[in-house]
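Chain nomenclature is as follows: A, B, C, D and E, assigned in order of appearance, with residue numbering initiated at 1 for each chain independently.
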Amino acid sequence: MDAEPILKVADVTKKFGNLVAVNRASLEVNRGEIVGLIGPNGAGKTTLFNAISGLYRPEEGTVFFKGMNITNWLPHKICKLGMSRTFQVTRAFTHMTVEDTVRVGAYNRFNEKNVQDKVDQVIKVCELVDIRKRVCEDLGLASLRKVELARALATEPEMLLLDEAGAGLNATELATFMDLIKKLNQESQITFCVVEHVMQMVMGLCQRIVVLDSGEIIAAGTPNEISNNARVIEAYLGKRAVHARNQ
Amino acid sequence: MNVKKFFNPRNILILFGVGIALVIPLIFKAGQYTMLLMTTVLLYAILASAWNIIGGMAGQLDLAAAAYLGLGAFTTGTLLIRWNITPWVGMIIGGLVATLLAMLIGFPLFGFKVKELWYALSSSALVVVMQSLFMMWNEVGGPTEKYLPVGTSPWYSLRFNDYMPYYYIMLIILVVVLLVNRWIRYSKLGYSLLALGEDEDAVEVLGVNSQSSKLKALAIYSFICGVVGGIFASIYGYVHPAFFDTSMSMEIAILGIVGGMGFIYGPALAAIVMVSFREVLRASLGSQLAGLYLAVYAIILIVVALYQPRGIAPLVERGIKKAQTYFVELTRGRRADIKSS
Amino acid sequence: MFETATQGIITGILMGAIYALIALGLSIVFGIMNVTNFAHGDFVMLSMYLSFAVGSALAWDAVATPLITAPLMFLFGIITYYLLIDRTLRQMYVVQLAVTVGLQILMRSAALIIWQAQPRALQYSFIQGNIQIGDFQILTSRLFSAVVSLIFIAGMAYFMNKTWAGRAMRAASDDLGAASLMGVNYHKTYALTFAIGSSITALAGGLVMSFQQTDPVGGIRFGLLSWAVLALAGLGSLPGLIVAGIIVGVVESLTVSFFDPRSRLLGVYAIFILVLWLRPRGLFGRR
Amino acid sequence: MLEINNLNSGYGKVSVLRNVTFHVDQDEMVAIIGPNGAGKSTLLKTISGLVRAQSGEVKFENDSIFCLSPDQVVRRGLAYVPEGGRVFPNMTVLENLMMGAYSNPGILKTGILDEIYTLFPILKNRSAQFARTLSGGERQMLAIGRGLVSRPKLIMLDEPSLGVAPKLVDEIYEKIHALKRIGLTVLLVEQNTGYALELADRGYVIENGQIAMEGTAAYLSTSDHIKKFYLGL
Amino acid sequence: APAAPAAPEAPEAPAAPTAKALPDEIVVGVVQPLTGSFAVFGKEGQIGAELAIKHINEAGGIKSMGGKKLRIVVEDAGGTADSAKLATESMISKNRPVAILGEYISRFVMAASEVTDREKVILIADALVPQITQMGRQYLFRPGPTATNHGAMAYQFVKETAAAAGVEVTSLAILNEDSANGRANSLGATEAALKDKISIVTTLEYPYDITDATQIVQQLEKANPDVIIHTPYFNDAIVFGKAFKETGYYPKFIAGAGACGYVDPASIAALGDAAEGISMTFSYNPAKDTPQNKKFVDEYKATYGYIPTEGAGMNYYGAMVLYEALEYAGTNFPDDPLNPDNLRASFLALDLTSGPAVETYPSNQIKFSPTGDNLFPGVVVLQVQNGQPVVVYPADGAEAKPVFPNPYYVAK
């Protein structure tokens, strides 16, 4: 049972007109893992996330989640099955309060009676207690990222896709954020797949990294393997990043 | 429901309003004109409150109220004229027929994620389409009005010579619609709809089925419009394709917007203020310079929309808050007085 | 049968080109400024009244009236923009809806007060008449208007793509803040856009006035129709506007010829709703 | 060159910046760092006129630009590349660059576009493409290029590395370095503190809308506070 | 009647021993659409009624009631049924008029007459649709002709003038805008034509807010009738008039029915020579050579610059019929002349062959059937000749001879 990957993406292709944004990409994520997905800008990471979470319909290929073929499922059904995500460009419910936003997610698994408990719990975990009554419109980027994470957590996912959730955070903030994800991973057994450009986070968090370039998977392996992979350095990391790491 | 929570200033205000509405006709022995006016106001209040579910909460700017209203009216009217079926039954069937049409239209529209303005325009087109169809369908519609017979019992044919019964029927429906609004607003559906109005994709990945949520909202809205359509036909005593009126649909949406989108009582409040205000204008300026009263009405509408873009409900809300703090301070002050004495 | 169809299509194409011109003003205002102007039909109505006023005062042909009405509508556009639209730009689009619906009621009642309820028209225009080609007939007024409309849509496309003002408009429509960082005063740019939209409406009004009449509620006839053309075309596509106008014109014409004149708009709106289902971005839309 | 005194600013009733005072000298590169939500972007927006200041003094080349509208500020030679670049998605790359010259179209004749193309060769290849089809890094370069077209005296960059792949970040910073060499004054806001302090001459730290620290880059990078809270060392 | 509570003001039985005191003034209401799509007619109607009341007062008021003066109050019925009904209720509750003139649109009449019947206020309607008097209303009277009369008259006019001119008319096309009134006119014409076994080659109905009539005209051209009988509203009459001229399609004659469009001053101004020769049926005869009518026409013309249109005429004689009924009531029910039932009885008892009402009415007699319709409805036909609307039919009220076929068309 545990041997079977929780998420299996097989040969997924997504095109926009002539542009092949994702090209026969395959990827497996095991239960309990934190997997990083990196690649140059425009490599197709967000597009792949969209194809997995049901927002886009891939032209080819299949997506399995918990052993079920969820290709072409609608997003809400995929969420019901236990997968949720955040967005690269934050998509808050502008005029709703933090609490209500989280509540929308919480209704996924909870009914009117116990939804409030879940909301309270998630808000506490994500450290949103101070701003729970604030309207999302007034929040800064960092808070919005937390709210997005919170509402996704409220759906009680078994797996979470995070799209550049750490972008725009400085080193210290990033460390706190990474601690939260690690805690969720260990205590709540949530599997993560994260897209990130901040190497500090990718390297420090992920057990395994998959590299996407021009829609194709070009490498996969442990952080160490990846940071020494010539092709990855050439396409993505650049010499300086490697240099900085080696220091 | 928590009793203490229930008796907050807002609910007390609402209860007070309903209470006044209940007794006004009796206390003031209102004449027929006043009764008709208040009935009309209630009619718009109901429609605008129903619109609030699809427009205010789900953020779908629906302009098809008159399509559903007209369909309800024609169903009720035809059933009465042809088979002598009482409008009490007719308006329920009318509501269901309206819902059926709404589902037929809404299923693909929501399925294909037609949104915002485009949804508004297609729903507005629906009204025109219905009017054309009923204009050509001579058996049921056609250009000549179909008169609703009064029959032997006004209660059976819902054809009163006096507006009092209509008024109370409308009042009951309004209260029900407001309760439905409230119930939806603080339920799973309501939160989903509110979020849907903001960002659809983001809601879907949280496990909300956007199509079915919107369809639910549309169904409730169109059903209410259809039912009200049945009463509408009864009040005016005939059915005619002119019931499919694009500007009436627009007006209902405007009331919803001006009232304060997403506020439960906002649209009803706007209907009460704006509709009666317009009638006062019509009655006082209407005969002086043709069109003047509408110009005044339009200017007021523009000014309200420009300076109160979130609607008049937030204004009331602020008032309530002020009153609340005032009362709190008052009681506190009194306590202090008691202590000091 | 074949003859009727051909004649219907000819009539429809010409009328469609005019519909495209009527929708052009809206396309600029909504497609570029993102302003939901529900009073667009009434801008056409006002233009037609101005044409009437100018034409009857100076004994001008309707076709010539835009020489005066276009600047007037330009002015009207600027005033409307600064008084009303500018204040709604940062609001939700429903606020624009409420404001422009208010404007619509206001314009209708003003027209009623000024010009009374009787329909007003200018007499026979020099462009009226017909050309007979075999069994088919082309009305010269429609042909003339169609040609003018094509020229203006092409001119507008040039303006949008090749002039600084046009580029500024498009930039502002993409990102207001960023455009102002480029030195675009978007209030001015938008006022200009809105005014250009209004004055094109004046042109359309003058042409239509050569074979039609107007009355205070005459705007209804053009409002929703323009939106339908715009929806078919998709936002930001000026050539698409022509195709969409022609589709609307032909569908209308064929419904009248083959089905029932009463169902004139039925076909148009049926297509409109259908396109929204199948191609929410319109036939040629970019966004 | 740029002088800010006791600036207070915010959104509506929310006040974000409190009594901010700092200056940028000619040919200098100044970095502003600070935690999330400290008000860095707000500061740049206020200088450029996108956000209306509440009180204070903003002087550019000894002229007050306090409360001028953005288009007036650009005309003085102060360019601002906002967070995320904000290119015009429905215009081509070339048109985007041309928009940079909107306030002074004549500048296009001076060969500025070629200069930009030598700086960012990729933009030349993409010049006919719609900006919406560019990748994140390309957008960022386009945005900087667009900011440079007007030959500004001072350019303000807001997190040019946000969401950009590491390799591209390197490239972008190389370019920024190049800009400095050709004599441009740069005001840089950056989360990536290490980078920022490496490149800049001087730096300011904003916390909670107030200047918490200032000094030369070298001084700041050795400060314990910076090490602890910004470099995560 | 429905079991509604009796109105509080319900009058005493007519046999009350003492005479009821009369009010200072007798209030007459006018409820007309002054805004919305139907405002053209409504405004004219208001003017006609106001002039009539003015003339009545100038002539000494209601003489049988000691010269009581009439006072007019106006309400805007707007463009929808709900505003019309509200306007009627408001009129009654605020002013309690003895009678209301107007309502114009058949659905307005339907909704309003339920109110006037409940409140026992006389409603003198100026709508043409036949159905409005078939709902069993007690206090509703329609002095004017019906749309059926109009349609039949249009046909009869064509038939007789054609015969007189020696032109053969064997086929007709029937064309109308798609309102109840348009259809009723067409039915009237069709029925009359069918009796003569004339072939009706095509019947077309179109929405009145049409933007382009070319296709319809082209269809008519294909059907090639001798004569087209057309019931337009105001806007579409202009669209059609221009389309006829533009396509160059000319039947022998275009005969209008239903009193809207083609021959009123605004339409002639809009159409120019495209209106030339077109005829239209009218419920009012502006050319009737009587002192009262002359007075009306002259004063109207002096104020507005053109002869009274149909709406003005209908409301003028509507008010005059009310005047006659009031005089009758004053004479025959001196105790309580304004009692609605007495007033109703007076209306039903009227049999006018002279006096101001008949002098302004197209026929020479006014007498109401129990349903409230005039038993002697009159319709005249106007034709545009040299840019002027002139009454051409029937011969005894005409000011000029009809020209048939349309000379303007023949020339083409």
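Keep this in mind: a contact is a pair of C-beta atoms (placed from the backbone, for glycine too) under 8 Å apart; a residue touches a chain by one contact, two chains touch by 3 or more.
Nothing here was measured: the structure is a model prediction, and the numbers come from that model.
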item	value
Any chain in contact with subunit B as well as subunit C	E
Farthest chain relative to subunit D (centres taken as mean CA coordinates)	E
Distance-maximising chain from subunit C - centres being C-alpha averages	A
Chain centre separation in whole Å, for subunit E relative to subunit D (CA means)	76
Whole-Å gap separating subunit A and subunit C, where each centre is the average of the chain's CA atoms	47
CA centroid of subunit C to CA centroid of subunit E, Å	37
Contacts with two or more other chains, residues of subunit B listed in rising order	132, 135, 290-291, 293-294
For subunit C, residues contacting two or more additional chains	109, 112, 117, 216, 220, 260, 262, 264-265
Contact pairs between chains, per stated definition	A-B, A-D, B-C, B-E, C-D, C-E
For the subunit B and subunit E complex, residues of the former touching the latter	31-34, 36-37, 40, 132, 135, 142-145, 147, 150, 153-154, 159-162, 235-238, 240, 242, 245, 248, 279, 282-283, 286-287, 290-291, 293-294
Residue ranges of subunit A touching subunit D (in the complex, touch as defined)	19, 38-43, 88, 138, 140-143, 164, 167-175, 197, 199-200, 235-241, 244
Touching residues on subunit E, where the partner in the complex is subunit B	1-5, 34-35, 39, 43, 73-76, 78, 80-83, 85-87, 89-90, 92-94, 106-107, 110-111, 114-115, 118-119, 129, 131, 135, 178-180, 182-184, 207
In the complex with subunit C, residue positions of subunit E that touch it	35-37, 39-40, 42-43, 79, 178, 204-207, 209-212, 214-216, 218-219, 222, 234-235, 238-239, 242-243, 245-248, 264, 266-267, 269-274
In the complex with subunit E, residue positions of subunit C that touch it	4, 7-8, 11, 15, 109, 112, 116-124, 128-130, 137, 139, 141-142, 211-213, 215-218, 220-222, 225, 252-253, 256-257, 260-262, 264-265
